[in-house]
Structure formats: structure tokens, C-alpha cells
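My questions all concern the structure below.
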């Protein structure tokens, strides 16, 4: 853009700078300030209140020796991979089906999208009701006569995290579908005609032509979904409370609990720092890609 | 002034008890109790309460577990000093056991008001359920374990419990009841890793493993009073829970000794701890509020309030000098033990920092949920937690 | 089929783009290679085979799109406005290439375009369509010189044909077109139907079929006009004049400039003009 | 300033669009009214004043955009490719309107365009730019007929000028251009510097400056050539031939068609040709 | 202008036909099954909320109510208890409205100005600020909680309406700014330049040129903020103060304070009531949401 300001005058674009004050303040104080604060204090032995007694990497050593943290981290991995893969795949398939000139498109779209309007607390509660063995699906199926039917993922510490995945997918896939649909609608119709003329079957067209063309949409989606994954908290609290045992604990819950309930700020902040680092690891490749993308444009 | 009081007493009996406090306070006139109940449990409410105090928007008074939960806040000078009124009214003279009161002291000053004594080493049983299962009411843990299979056959849940802190409560109860007072103090007070690794402790874990077998899978996400109502309705035969469960039995109109019964210390070692609820009064800028705080504090320990409140809550009063004629069979059992003092231990809240306490909770709930976790593994982890405890 | 928007698969190299349809059809590798080599040769795509479409210029992209049709070895090509998205220079270059390709392959090509220059230069026969109906199907020069109706006449030709609305007057063999103070003899006009007197007609003549003189020409084929504007376009100029109160354009050699307001004389050539019925808009 | 993309404010009516700048400047209402009326009158926008841009055709939008510049009563207009987004027909219409406007207002207009027809028709003077440097600043016909360097020569003119690479040969007054078997006398060429023998030069001549004959013309100004393609463009045709192994195009009247492979004779007119140094690419 | 909204939300090509080919049947089949998975929870909530407690205990969660009762709804709205108060959700509802309206307006106002400044008035460092801001979109709330408590305490806005509005504005800023920036950047630059040539300044261009053109993205922003703020639990419970407890917090209180038996029907009714506002927003403007997402997110 040619109207980039000359850098040397402070008063050039003064209005813009004034208008951006809230943003700059937020960035400097909240995002940068809080991040630094977090990182610094993660090296202290702060308990309820922040104090500057530095203990080196002790908090980190403890963090990685805590089974609960390790379970949380693994759970986040499981939740992340499954959520990413399934929400993208299901979201794309739904969007592709919706793009087939179907009737009632609006109704289907609303149905797929409405869970996104509900809070994680509500989502968690509803799915808890549905998945509770004494009450939900298991009981219903047993009442139908299948006495031995077992579907109690909520109470099985091997599967509890998958219950979170199921509820999370229910909540978020609609948004992915909407993004994908927007992406599909953005594809030149001539591409479809061209592949028809080339005699390429529809599924191959999707796989080899359309999906590669939708790369930016996929990146946007993956980034959006990833942000949600890293901060998953409410859903776990409402659905499983982290249980059974620690089977469905997640890092955000670990952080929150150590900060406010265990009166061990240092430990909570060490966990925060690890989370922040993870986020950076996700973002940086994306940012680099975007930068290159920007140049290509 | 309006005095906002936060607490997490939202179950039936608890709410009734809170109401007692509110009404008594309002009756004093001048000031008003503004109820700030936060549903869930201590785990939901504590962070909110703590963050509000830290955030400089303190409530007038708040429930917090006596013990080290509030220690840092006191240390930071965020709590109103109650020493003056406590000395004037001579709290130290009538609050018993004195250990309970000690928990409110920091550097010789008083910062909280204990309102009740909660004892946790109880197993509540429904005789009717045992009868339905074709077994006699057990007298101790071993008998109970033996009765388990038969109860299960009859589709009766042997042990009703709930997630997280509830199973941890079972574990801690077992440390004192199965392991005995000595073990309890060595492990939790002295942080003695050798004791934690001892065969006695192993027995505790083994008993805990048995409890794991006796619970139903539906325990996940169940609240403690739901579990209690399972026992009340006879769907389950027993629950290991603190004396506050009695509040629920009371609300349901059940009579101790006939409709339900209690095994103190799981019928093994009759050891009780003296935990309890306490109220803290965060420092406030408004002098009116401070005045009201002191008024509330004084009211909370008054005889009248103590009786009415504890009857509703199912807990024991903090004063030795109140008339407990109205107390039921189970409460009397408890008072007996308390009066002897031999078998009284401090609560886990007082002995362990929240951090260590919740480490233990993490371990106990993980063990409870994971049938494949062996007693040895669990004990090994327990030892390392005790070693690192501060 | 070749599309206006090229419709290349953006993530594939040119070679992949060309071969994708063949691979899907399951052709043997060797044959695919050979066809691509052939198409690349014809369209001079060899140096581009390993590039992605994003790295190609518009003209190169369209050549690849043509190549994609070429490798499929079809009997009929369908071009849907293949050059519309290119700039003028590329357009005229690629136009010639397509024409060459046509000569070389000698198979049927159907070519849809909005650009009448493309139509005129490329086609053996042009179908001018309007509202889904063919208006005229003829050889290019016939369409240009003898448009069947007013739409075709105004659609084809740039600068556009001039139109004057008027009446037919005059005696038997001496029919003439009259509009305001202008009268043009229609003696040499090749009418398709009898020219009845007083009929409302539109007289159309192309800018290049009028000459400008400084002196009046033969009576009935000449008139006076005022220069309005002079647009030099390089080789020739377009001179805008006012005749019978209407603006008309005349194409002249650019060696002589005309000044606004200058009075000149125009010579008409009715043999090259077109006459349309004012109501049916068909050629008479 | 008038933009290629019109840049009208889509949410405002035409009238609001025109008055926005004036309102920002805080002009009195009456004056705004008067200026808008004036601009609307000049550009025939009256019937459109209450419409929104979305309800206008491309040409109307561009007229509004011009109007927006007009009401601001400026001394200099800057047009940035104002017609590029219009289709050919509208483009040529609006081009004439802009020219009329220019005549009427008689103020300075700077007009940026990629379209050389626009440049040639509208400009009093044209600056041809390349890479930010002015290549030539001259009147349109000078630029067209005497381009100062190869870039200008190839940029201006459609169809483009033909170029042949060769050498200068011959005696003093009898200089000639030679490429392969072709020799063209340069006797009538208006050289700006001495034509030294054996100098590598590029000989450029526009398609309309060659004539095609069936018989050979005067020696040294004529050659034989083979027809390659014939592109009828309505009024005239472009015939592509091969001369000295290179393709060249010649513009001829479309009344005669040429068949590929036909042998014809070409007559050159060196007075209208251009000669460039092969290394500096400047006119000699 | 044609440059705006070039992505259509209509499917390509002809309108749907009535003919049912096997492929069509399969498409509808798959969609229907998927739809079932999506509506099931809502269905469970609704039928349960309409049943009486005895029926809930006997039947299964999927069976339709035999006897429809609206009692749970009125209980949930007016008399469900949390602690000592039995005033239902209505208090929380009005609290939420009180938080929602200023938060939505202020956060969108600020974010749109940010987006505009970033898209059209870049200044030195603006891109860096933007990158950091984007990074902020990824930071889990829990991580920022403690320092924010301290910051709001220092600003003396902790536990006040102002406090919670500021917090919502801060957390809404990254993603909204991104949306607005991308949207404004997708508007033709010439429009901005033309307004500059016309002599308009920063604010005038924003309010008179940009804002009127940005309805789609404003709608998306409103949808995002309304649902986000309405559904928020953690921030509300910590920063809003006891006088402004939002509806979700009250819902949590009602659902988790069991008096004797769990009143599933009341809980479900309360849940639906709490979700009603964002649900209505989605039902009525889902189409604009998809369209706006296309304009603001996908293109950028």
C-alpha cells in the first residue's frame, strides 16, 4: 500500500495513532506485560501472592514430574489431534454436501451451526446428561432390550477424553463447516467445468483440485480450531470435571487450579509459560506462511 | 451496612444452615446479610473468592476452609484482625478443641471464626439396603467389603460416592481409620516418608483399592448429596462422607439409629479430625462494613447461633458449653470421641498446604478411577508427594 | 473446452495440468508423455512445463488452457471467451496463435467471444447472437458489410457504424434517403426489397466508407458538414462531424488534421451502406 | 483525480458523491447546489442524481467520477486509467466525451493510460514512460510516426510495428537496409545521423505503410513475400507474411482476401519507416 | 460496487431440482444423519424440560413428554434457588443484558477503529502491534487471569461493571480487529484515496465512508460478541462483581445446587433459557454470519 507513512514524523497519522491507543495499550500492558510477568514469575516460588524469590527451573522440574501435568499434556494432544482431524474432515464433508445445490440448505446450516452459539458450559452439561450411563444412551439402549450394551466413556478413564472430543466436535464443527462452505463458494466454477471436461470423477476433483485450492481456508480453520483447543477449559469442567481421576485433565485447568486454588502461583505460571510456548510454536510457522502468502499476493 | 457473605453451601442442609446465619444476623438489625452463594464446591468457589480478595473487591465475609487456604491472604494483610473482639469475648475459653482455634491464628492474632466442627471419618449406612441385599449391617470395613458382592447381585450399589474430593475424603479417612492415628500423624503432620512407605500405609491403599471395587461407575460427576440420596433411597447401601451428610438425612426426615446408621472411623479406629468451616473477613475500606464484620463474627460464635446452625448443618458446635439435647445418636457418638480428645487429630487442611493436599487428591482420585493402577505404584507416588511436602 | 478464466488447477505444474485428465483416464505413461510433448511443442510451452500457473503470464496461462484441450485429442474445440482476460497486446498476439493453431489442426473450433475483432479475424463463419437467438450466421465480411439487421450492424465494427434516421424519397429509379437537409441517392444501393416511398428507414454507413473532401462531390452523394472533433489514432484518425444534426464519425488518413468547427464536404458511397427498416430493424 | 475503479462511495447517491468533498470543505449549501448543477449539466448526470452507484452502468459511473473532480473546480485534472474497466464500446464513447470536456473546460488534464488509442486520440502531448523514465514526450502523431526509440515504436500502434534486424549497406547517397535477401533503399529516409555502413540496425515499419501488389514494384523498394495468414477485421484486414524469414503484418483493405501460401509483392515506403540502432535501440 | 462481496453465498449454477437421483438421496441421507447428531442434544433438552420429575425418573431421556408441563420453565425463570435466594434466572438475565450491551458496543467500536487504522493508516510499528495482538487471540484466558486481576485492581475497576466491560473489550479485540482489518483491506483502496482527495480526515472517512460499507462485518462482529459475552462464565464470575453476576454463572449455580434430588427438568429449562439469546441470534442471522465470515475471515 502506497500510503504507508514516512516514519520520521511523530505527528503524521496522529489521528490514527490516537485512535489506536486502546489497542496499543492492550498490546503493551495486557499481552506483552502479562506475558513477561508470567514468564518472570514462573521462575519464582510464589505461592498465593506474587513474590520475587527466584528458584530457577524448580517449578519446571516439578511440572514435568507431575503425573497430572503429563496426563494433561497428553490429553491436550489427543483432544487436539482428534478435534483438528475430525472437525476439519467432517466440516469439509458437510460443506461439500451442502454445496451440492440441495434444498433446505438454510435449515441444515442452522442445525449444524447452532451448537456454536451455546456456551461450553451448556454443551458440557447436555453431553453429560446424554453420556451418563445410568441415564443417557446406555440406559436407553438397555431399555430397548440390549441388556449388556455398554457405552460409558464418561466413566472410563481410558475414554473420558474422547467424550470431551465428541462434545467439542458437536460444538465446533458447524463453524468449520461455515468456513469451508465459504471457501467452496469462492472457487471458480470454471474449475469444476474444466475437471468435468477432463473426465475427472467428483471425489478426485475434491481431493486433488479443490482441497489444494482451499489451502488458505484450511489454514484459517486450523488456526481458529487450534486456538480453541489450547484454551479448552469450560467444556472439561462442565462435562467431566477432569475425571474420572485425572483422566480428562487439560493444561488450562491445571494452570487455573494452581493459581487460585492450590496457592502455588509459581507452578501455575510455569505451566502457563509452557502453554504460551506451545502457542508460539503453533503460531510462528503460520505467521511465516502468512508472510510469504502476503508477498505472493 | 450490607454485608456480602460468600460461601458454597448450596445443598439442602447447607442452605438451611446458611439461612440460620443470615436470619440471625438480620435480626440483630442495622446490617443486612447479602447472600453470595457460589454453587459447586470449594473447588469452584475458592478461586473466585481468592481472586476477588486479590482484586481489591472483597466481600464482607467469606467461608474458607480453616487451615492454610487463607494463610497467604492473611500474610498479605488482606484480612480483618479479629483479635480485639476475640479477647474481649474470650473465644479462646470456650472454643474447643483448641486446635481448631489455632488454625485461625497467625503470629498470635486471630483472623477467622470457626463456626462448626466437621468430622469426616464416617460411613453412613442404610440398614434397609443391607437387608434387601440379604446381609447383615456390617460393623466395620472388613465386613462391609465381604458384603459387597451380595449387594451387587441385588443391584444395590455397595458404596455410593462421587468424583474428586469425595474419593479423596475416603482415602484420608482410611489413613486414620485403617492406618490408625499414629500413621495419620506421622504421614500428614510429620511428613514422614518412611511411614508413608510402611506396610501399614500399604494396608490403607489396599482398603482403598477395595473401595474402588465397591463403587459404581456412575460416581463420575456425582455430587455428594446425590450420593447421599442414593443411600437414603436404598439404591446404595453406604457412603463414606463427612457429618454434613446428616443434613441431607435430616432434610429427608430420616432418623439416626433407625432409618440410617453411622460407623465412626469406618468401624475400625474411632479417630476423628477436627476440620470445619470458618469465616474470614477480608479487610474493607468502609468502616461501617468493618463494624458489621465484627458483629457477624461475634454472632457466629454465640451459643444460640451455634445450636441452631449446627443442628441444621449436621455438624458439631465449636463450643463445649452448649446444650446438645437435641443431638441425634450419631452426633452424640461424635461428641463422645471429641470429649476424650485422645482420638482427635487435626484436619488434613490444617496439616497440608493446599498444594500438597491436592497432590494427594490427584493421586487418590486417579487411583480410584484407574483399576489398573497397582497399590505399589500408588504408594510409591504417595511417598514422593510426602517427601516433597512442605 | 477452453475457459475465459483459464480454470487451470493452481496447485499443479503446467505439466500436471496437461496430464491430469489423461492420467485419470488411465492412459499409458508413454502416450501421455508424447501427447504433452506434442502439445507443448505446438504451443511453445516447453520452457514452462515445470512452472505453476501462478508463475505464468496471462497469455501463457491461456496457452496452457488451450494445451489442456489439445492433449485430449478432441474433434471439436470449444473456446469460451478465451482472450477476454488478457490485455490488448497479448490478445492480438494470442489471436494470431489461435488462428495458426486452427490452420495446423484443421479441426472444428467453436469460439465464443464478445470481441468482434476476434470474431471477424478468426472465424470462417460467425453467428451473432442476441437474447439466445441467432441474428445472423454468415462469413465475417458478409456480416460486416451486409448486416442483416440493426443489431448486427451496430454490434459489429469499431468504431461503430453511423446511423441516421430518415425517409425514402424520390422517383422510381431515383430513390434517395432523406434526413433533415441531407439527401443521399440510393441508386447504387443493392436493396433486397422494393424501396417504397415515405418508408421510415435507418441509413447506416461505416466510418471508413465516407471520404472527406474540401470541395463538394457529386450531387446526391455529398453534403456539407462541420468538424466536431478529430481523434488521431495513429495510422488513421476518427473525425467526428455533425450531419443532419447528428454526430457521425469518419475514418480518414491521419496525415491531415481537422480543426473543430472546420467546414468540410462528405462523400457517401451508398453501395457500401446499409438501410434498415425503422420499425422491424431489418435490412431492406 | 479520477480513478480507474471509479472509487465512488457506494452508499451515497450520485448527488451525495458529488457534494461530499464540498461538504467536507464546508462550502455554503447554495454554492454546492450550483456547482453540482453545473457539473451534472456538463456530464448529463441530471437524471442520475438520486441513484446510487450500484444502479449505474460503467460509463455512467465513470462520468460521476469525473463529475466529482469537476465540482472541486480544480486547475488540473488527473485521470488514472479512467476507461480501463469499461468495455470497448463504452470506452470509445466516453473517450469522445472526455475529449469534448477537455475542449469545453480548456484546463490542464493529465491522463494516465495503458491504451495507446486513448493516448493518441486524447492527448495534446504524450509522455511514454518505461520503468519510471520518460522515453519520449511529443505530439501524438510525432510519437506515432517518428518514435524516438524501439520501446516507443513497439509500444505505440496496434497492430504493432514490424521490425526487421539487419545492416546498413551501400554507397554514399545510396544507403540501403539489408536483411537476408531483402534490400530496401533508404534514399528517402530522414536520418538524424550519418548512416555508417555495416552498422547493425533495426528497420521498423508500420503495417499500414506497406502496400501489397501482385506485381513487383520499383527495385530497392519492393520484395516478394509469402502470405501466412489473413485476418479480416472489418474495414481492413491484417495480412501476415514472411519476409526475410520473419513474420510481418500488413494492413490492407478488406475487399481483397489473401490465401495462405500465396506469393505477393510488397512495396515499402522508407519515408514513413523508422530505423533504430540495434544496440542503443535509439532512432537513427 | 462489484468489488465488495464477490464471494456469493448462493450455490453455483442452477436452482435445485425436484428429481431424486440415488446420489441425491445419499447426500440427503448423510446430511439427515448428521443433522440428527446435531439436534439430538437440543431435543433432549427440550423434551426433558417439558416433563415432570416422576416421568423423568421413569422414562428415558429421548422419549417425548407424556404430559407437557411448563412448570420447570417458570421455576427456572422465577424461582430456582441458588443459596438463599430463590429468584430464578431473571436476575442474571438482566445482569447479562447490562453487561452485554455496553461491552458489545464498546468492543466493536474500538476493534473497528483499530482495524481501520491498521488497514488504511498504517504507521510505524502498527504491523508489529497487530502481530502481537493476534498472538493475544491464542492466549488461554486462564493464563492472563491473575495479572488481569492485579491490573484491574490497580485501575480500581475490579468487580465493577466497567471492569467487566473493559475485560470483554480486551479479550474481544484480537479476533475482531483481525476481522475488521481484513474486511477494510478488502475494500478498494481507491475509495479511501478518493475520500482523501475529497479532503476528508481520519474520522470522517471512517464514519461516512467505511462504516456504511461494512454492514456484513459489523453483523458478524455483533454475532461473535453477543454469543461470546453472553456465554462467558469465567470472566463474568471473576471480574463482574457480585452485583453483576451474569446469567451463565447463575445457571451454574442453579444446576449445581441440588436440593435433595436433581431437578433435571428445571436444569434443562434453565439451560435453554440461558442459551436462548445466542441461539436466537444465530437462528435469525446465521446466513449473514456465513456471508460475513467469507468476507472477513476467508478472504484475509
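Residue numbering begins at 1 within each chain, and the chains themselves are lettered A, B, C, D and E in the order written.
Assume contacts are C-beta pairs under 8 Å (C-beta built on N, C-alpha and C of every residue); 3 or more make two chains touch, one makes a residue touch a chain.
In this text, all values refer to a predicted model and were calculated from it rather than measured experimentally.
Trainee: Count how many hops through touching chains it takes, at the least, to reach chain D starting from chain B.
Mentor: 2
Trainee: Can you pull out the chain pair that has more C-beta pairs in contact than any other?
Mentor: Highest contact count among chain pairs: A-E.
Trainee: Would you kindly tell me how far, in whole Å, the mean C-alpha position of chain E lies from that of chain D?
Mentor: 57
Trainee: How big is the gap, in whole Å, between where the Cα atoms of chain A centre and where those of chain E centre?
Mentor: The computed centroid separation for chain A versus chain E comes out at 16 Å.
Trainee: Would you mind pulling out the distance in Å between where the CA atoms of chain A average out and where those of chain B do?
Mentor: Once rounded, the distance between the two centres reads 38 Å.
Trainee: Mark out which residues of chain B touch at least two other chains, giving numbers and ranges.
Mentor: If we look for residues of chain B contacting two or more partner chains, we find 47-48, 51, 54.
Trainee: List, in ascending order, every residue of chain E touching at least 2 other chains.
Mentor: Answer for chain E, listing residues that touch two or more other chains: 145-146, 150, 193, 252, 255.
Trainee: Name the residues of chain A that each touch 2 or more other chains.
Mentor: 256, 259-260
Trainee: Which pairs of chains touch each other?
Mentor: A-B, A-C, A-E, B-E, C-D, D-E
Trainee: Please name which positions on chain E make contact with chain D in the complex.
Mentor: 1, 3-4, 188, 190-191, 193-195, 197-200, 204, 208-209, 212-213
Trainee: Which stretch or stretches of chain C touch chain D in the complex?
Mentor: On the chain C side, the touching residues are 87-89, 92, 95-96, 99-100, 103, 114-117, 120-122, 140-141, 144, 156-160, 206-208, 229, 231-236, 238, 240, 251, 254, 257, 260.
Trainee: Help me check something: in the complex, which residues belonging to chain A touch chain C?
Mentor: Within the complex, chain A contacts chain C at residues 188, 190-191, 193-195, 197-201, 204, 208-209, 212-213, 215, 296.
Trainee: Can you name the residues of chain A that touch chain E in the complex?
Mentor: Touching chain E: residues 1, 3-5, 7, 12-13, 15-17, 19-20, 22-24, 26-27, 29-35, 37-38, 50, 90, 93-94, 97-103, 105-106, 108-123, 125-127, 129-130, 135-136, 139-140, 143, 170, 174, 178-179, 181-183, 185-186, 189, 192, 216-217, 220, 224, 226-227, 230-231, 233-234, 251-253, 255-256, 259-260, 265, 268-269, 272, 275-276, 279-280, 282-283, 287 of chain A.
Trainee: Could you list, by residue number, the parts of chain E that touch chain A in their complex?
Mentor: Those in contact with chain A are residues 7-17, 24, 27-28, 30-31, 34-35, 37-42, 44-45, 48, 60-62, 110, 113-114, 116-118, 120-124, 126, 129, 131-148, 150-151, 169-170, 173, 177, 189, 192-193, 196, 201-203, 227, 230-234, 248, 251-252, 255, 264, 267-268, 271, 274-275, 278-279, 281-283, 286-287, 289-291, 293-294, 297-300.
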